[in-house]
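Each of the two complexes below includes chain A, the first together with chain B, the second together with chain C.
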Partner chain A sequence: MTKTWRVFWQEYKHHVIRKRFFLIALSIPLMLLVVMAIAILGVFMTQDKRPVGIIDQAGYLKIQQLPVREEYSPEPALILSYYQNEEAAADALKRREIQAYYLLPLDFIETSKGKLVYIKTWNTNMGYQFDRLLRMNMVESMPADIAYRLMEGDEFTITNLDQSREMSEKAWGNLVVPIAAGLLIMVIIITAGGYLLQALVEEKENRTIEIIVTSVSPNQLMIGKILGDIAVGLTQLIIWSGFLIIGYLLARGSVDWIAQIRLSKEYLILLTLVVIPTFITIAALMAAIGSITTEMREAQQISGYFTLPLMAPYWFSYVLMTSPNGPLAVLLSFFPLTAPVTLIMRSGFTQIPPWQLVINIIELFLLAGLSLWLAGKAFRAGMLNYGKRLSLKEVFAKGKAVG
Partner chain B sequence: MQPIIVDKIQKSFGNTRAVDDVSFVVNGGEIFGLLGPNGAGKTTAIRIILDIFKPDKGSVTILGGPMSEAKKNRIGYLPEERGLYQEMPLDRCLIYLAGLKGLSIAESKSRLTRYLDRFDLSPHRTKKVKELSKGMQQKAQLIATLIHEPDVIIIDEPFSALDPVNTQMVKDILAEERHKGKAVIMCTHQMHQVEELCDRLVLIDHGRAMLYGTLAEVRQMYATQDILINATAPLPQKIKGVDHVEEINTHTKLVLIPGFSAQSVLNELVNKRVPIEHFEIAVPSLDEIFIRVVTEGVEKV
Partner chain C sequence: MSKTIFIIRNELIRTIVRPSFIISLLMFPLIMAVVIFISSTQKDSSSFAAFSMLTGDTGEENEGYVDQSGLIKAFPPQVEEGALKSFPDIHSANQALENGDISAYYLVPVNYLTSGTINYIRADYNPLSGLENSTMFRDVLDYNLLGQDLQAADRFWNPIQVEEVALVESVTRDATNPMSYMLPYFVGMILYVVIISSASLLLNSISTEKGNRVIELLIASASPQEIMNGKILALGVVGLFQAVFWAGTGLIVLNIFNQNTILSGSLVLPPFLILWVILYFLLGYAIYGSLMAGVGALAPGMKEASQATMLVVMPLLIPLILSPSFSMAPDNALSVALSLFPFTAPVSMITRLTAGSVPAWQLALSLCLMLITAFLVVRAVAGLFRAQTLLTGQNFNLLLFIKALAGRA
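For the complex of A and B:
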């Protein structure tokens, strides 16, 4: 156990306690933050913030400005400048003091017909805000509850037959969660597996492995390395989740769709049951590849054969969203390498039949066990031959001949 | 108890028989030479002893039985192709490797300080391994082999990349280990090092043990009836028992007729009043024996 622990700790330290790891771990969330900041800044900088003129000949606007927004939006708020007549507004438009002006004629209440004037272009978002102001004025004299209903519209909750799952139409942020969670977890699993692959190939290249195997058993080595790899991945997951939680806490007060995001207990349990065997499978397969190959480039090429199917369900995102219990979704759930992402996505969009879930998760754990066994075989076979790549047939044949 | 008993081991890879019916014993308190040309099967034999490979036939008894995980802590191995973590600081790398041999962190640190001092590596302890010279890396590798004070030491080409001063230091260390009763197997191509250090040896070629025994026994097997002399006056034209004479650098070699002894030739020279400064039975060097065995391929086991 001590030796397994030492291999584990060495593997963990080798990858985590170094600048490169923290640069990668921090760079992706920071890069996302920078991209978001640039996008928001871009919207903010390019939007026309100038006031919009209004000539209210009908005397329609009892409420003259929209209330201050509680929710954050990069779009500039509508500011109205009131003019007595159209000539004054047109002069202001020519002097570029305003970006456009509205004219509500005397018969506006009867006809609902007004006029909008701008030069070449204007910020159309101001139009949506002005439209809201008009509606606010229309319901202004009504009782507050009726006015609220008319302004905000209705909300339907989508639910399944036994009421065990429900989702608000407006809480579309919940659709983002399964897609983002799957992507985040798979990137971490593949990255951490890549570290393990790199470490094993390096140990073979610099011949340290020959010293190691005369000190520890193949099982101690493999278990230590795979656990170390999982710990590296979990560290990365904790760092990235920490950023996401901070982002969520900061944004939920001002961004409505983020505030609506909910993670159910069942979803978190399912995530755990999918992530654990997938982590073991990928780590073990990476270890197997590292054992039978001689160069990093070759190892990376081979690892693509199973990292590609792992991410493949994203090609079918639309089908999984629109038909989460359809034949393709079920098929992808039953194939062990496409199952992890498929299950994470499907369970976000629908309720997966329990019998399917049980079979899929058993499959994932069986594959994890099989991968560990294969990694052990491959390592023993790989020890026979330095500088020579082994075929799968040789792995099984030579795995028997080595201690 | 003999720490290593290799009994008729055989190992093939595909159609190639890497090791064929090789047997030898290594005693405690001796340095045992494992010799042979490149590709002879030495490394395969070592890997079988270390339980990296399983033999197709035969068996290895190490420290009283088959290899076990506990016994790995009592074995020190210096492979031919050196292996250290290049990106790691020297001290961390050696403490990790010592830890895998069962030493506690505290004990590893304490012993490491002593070894680094002895090997003149203390000023470099925090440098990355890749920043060290080849010779320094070689010394570091030797520390990794010895730090856990193993009972069995297997070292492959221990003197490569070492300057004469460090070579002498390593020789002294190996002699110390022998004195402590450790069993040392040394693989090398440097025959003069074998002659200087090894008590016994086995020579493997094409997977087979061609020579096995003490240094003296091996030399005896290849001893000839030749004599090397230095005379201060010209030799007589005819010496009884001498077939012919060859000049070799500072010596004159007398090749004897079969049936005549060196003693009778010495008597003949004395009788003829030849002034002699040096008289020696011409024993073949290990280099010569090595070349003869490998080129002639005659087994003398």
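For the complex of A and C:
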């Protein structure tokens, strides 16, 4: 036991207590921040904020401007400049004082037909705001409560039959959570597995492993390494979750959809039940590959065969989100390599039937056990094997002979 | 010269027969076709039958409502007969939901006028699958708030029928069609992936051969310049093939779906787009490929090399991040500047070309600038690609790289 512990600690220390680990752990959130900042800046810089001209020949607009917005919005507000005739507006457009102008002709009230003139393009969001202003003028003469309801719209709150789950449509941030959580966890599982793979291949290449097995049994070595790998991944998960929590706390006050995000206890339990076996499976499979291959490039190629299905559900995310209980979603949850992401996504969008959940999670744990067993075999068979990749058949034959 | 040809041939064969190359070549259009197929399928299209096999969705959903406020008296004509059933109370609606007569129901509370809240009760609790129906229910509410006056309701939903006049003719985009934003992004993405993947093939090839010392043997019989030329040309041909293949299959995929729903004539691709893609790929590859070759020559191993590439490819990533704003405003100062600056030009210009028309002088200027840059970079890297640099075990650092490019290492 103490030897397993030692291997574990060595593996953990080797990956975590070094500059590179912290650089990566810190640089990715920072990079995301920079990318977001660039993208937001880009949108800001490309938006046309100039006023829009209007010639109201029909005298339709009793309310002449939209009220000042109380909530913050990234879209620039519509400001109308009134002109007496079209020539004046066209002049202003040519002088680039306005980005476009509307003409409401004399018969606008009867026909609702108008004209919009711009040079080449204009900020189409202004059009939506103008529509809102027209609506405001339309309902102005109606009873105040009806006019208010028409302008403010409704808020739909979705609930399931027994009312155990409930979500307002304004809290759409909750829909982002399952997608982001799945992505975050898979990235961590795969990178941590990649570290393990790399360490194993390196130790094999420089023959360190030959020295280690003189004093540690293969099983102790393998279990120590896999546990170490999981600990590395968890460390990374904790660091990144820390950033997310800080971001959430900072943004909660000002951004509405972030403030509405809630994580239920059931969801966290499900997440744990899915993540643990997946972590073990990937770590064990990486260890198996690391011990049967001889070169890093080759090892990476083989590991692609099972990291690909792990991420594959994202290609079908549209189907998974709109029909989370449809045949494809159920099928992907029953195949253990696509199950983790599928389950994490589906449970955010629907109630998965309990019998399915139970079977899927049992499958995940069975696969984890199977991978551990396979890794043990491969480890014993391939550890001291150089120059040539072992086939699965050889793994079983040799595993028996050595073990 | 014959040695260069020999190296080209060898490099070509080695890259093309690799399974990972063939897989990624075929996977990309396949994934794109699946994604486009799924995101474009609508209920009335012919591909819906195949699509519903995946979703289990029959396309028919009947819903109900319980109106405690007494507001709803009639339906507007867009609500089909029997699509919305009225229930006197929550109990009977729940009963119908449990029996499967309806898939969901809306509860309009007594205080709807002041609160505006609607409870939407769905058996499967899926916020997304009922969206289409809840839009319809919104129309019902508006219609009844407006006193069941169809003319007023029409006016409320479409307050103005606008005739748009653009003083300068340009490609107009349909703002409601998501493809008009997605397509420029896709094309820019393809170019980025192709430039980076062929440049990293080059990096891979150099640093592996450096790692296993094959390059030391090569240098014994060919000059560094010959090796470098051979590798750059060979992998450029591979990348070009990849670009043409992806762009071609991409266009075919889009054309197939064009018949159904996606483009519906609202988005016109410039006829010579493929030509521009090839041109910008060649110049982009010349710049980035040579830079990567330089990294490969300087870095001691694969691990250091792949870290260093992150720094090198950064400029090409920026236009990709900004792609949404390119599609919205392809003529704005930032877009123009990025599409003229040689290091960001390939992806920026192609994204802009897909999003709208680009003035000829800008195309010409950006091509000239890229040509000059490519010439300078290739020359600088060839100078750096000397036996001495290839063989040292020095660690990679940016300062050394810049110094070496300037010929002062």
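Rule of thumb we're sticking to: the second predicted complex is superposed on the first by the 290 of 403 C-alpha atoms of A that agree within 3 Å, B and C clash if a C-alpha of one lies under 4 Å from a C-alpha of the other, contacts with A are read in each partner's own complex, and residues count from 1 in each chain.
Please note the rule applied: a residue touches a chain if its C-beta (ideal position, glycine included) is under 8 Å from a C-beta of that chain, and two chains touch if they have at least 3 such contacts.
None of the values given here were measured: they were computed from a predicted structure.
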**Q.** Partner chain in contact with A:Gln10 - chain B first, chain C second, else both or neither
**A.** first
Q: Scan A:Arg207 for contacts with chain B and chain C and give back first, second, both or neither.
A: first
Q.
By the touch definition at the top of the document, which applies to A:Trp355: first (chain B), second (chain C), both, or neither?
A. neither
Q | Greater residue coverage of chain A in the superposed arrangement, chain B or chain C | A | C
Q. So, A:Ser217: does it touch chain B (first), chain C (second), both, or neither?
A. first
**Q.** chain B residues within the chain A interface of the complex
**A.** 13, 50-54, 56, 67, 69, 72-73, 75, 77, 79, 81-86, 88, 96-97, 99-102, 144
Q.
For the complex, give me every residue of chain C touching chain A.
A. 20, 31, 34-35, 38-39, 53-57, 94, 97-98, 112-114, 116-130, 134, 138, 141-142, 145-146, 152, 155-156, 158-168, 170, 175, 208, 302, 318, 321-322, 324-325, 328-329, 331-335
Q. What part of chain A is in contact with chain C in the complex they form?
A. 35, 38-39, 42-43, 45-48, 93, 102, 104, 111-121, 124, 127, 130-131, 134-135, 138-139, 145-146, 149-150, 152-161, 165, 167, 169, 172, 175, 296-297, 301, 304, 315-316, 318-319, 321-328, 349-351
Q: Show which residues of chain A lie in contact with chain B when the two form their complex.
A: 2-3, 6-7, 10, 14, 203, 206-217, 220, 383-384, 386, 401-403
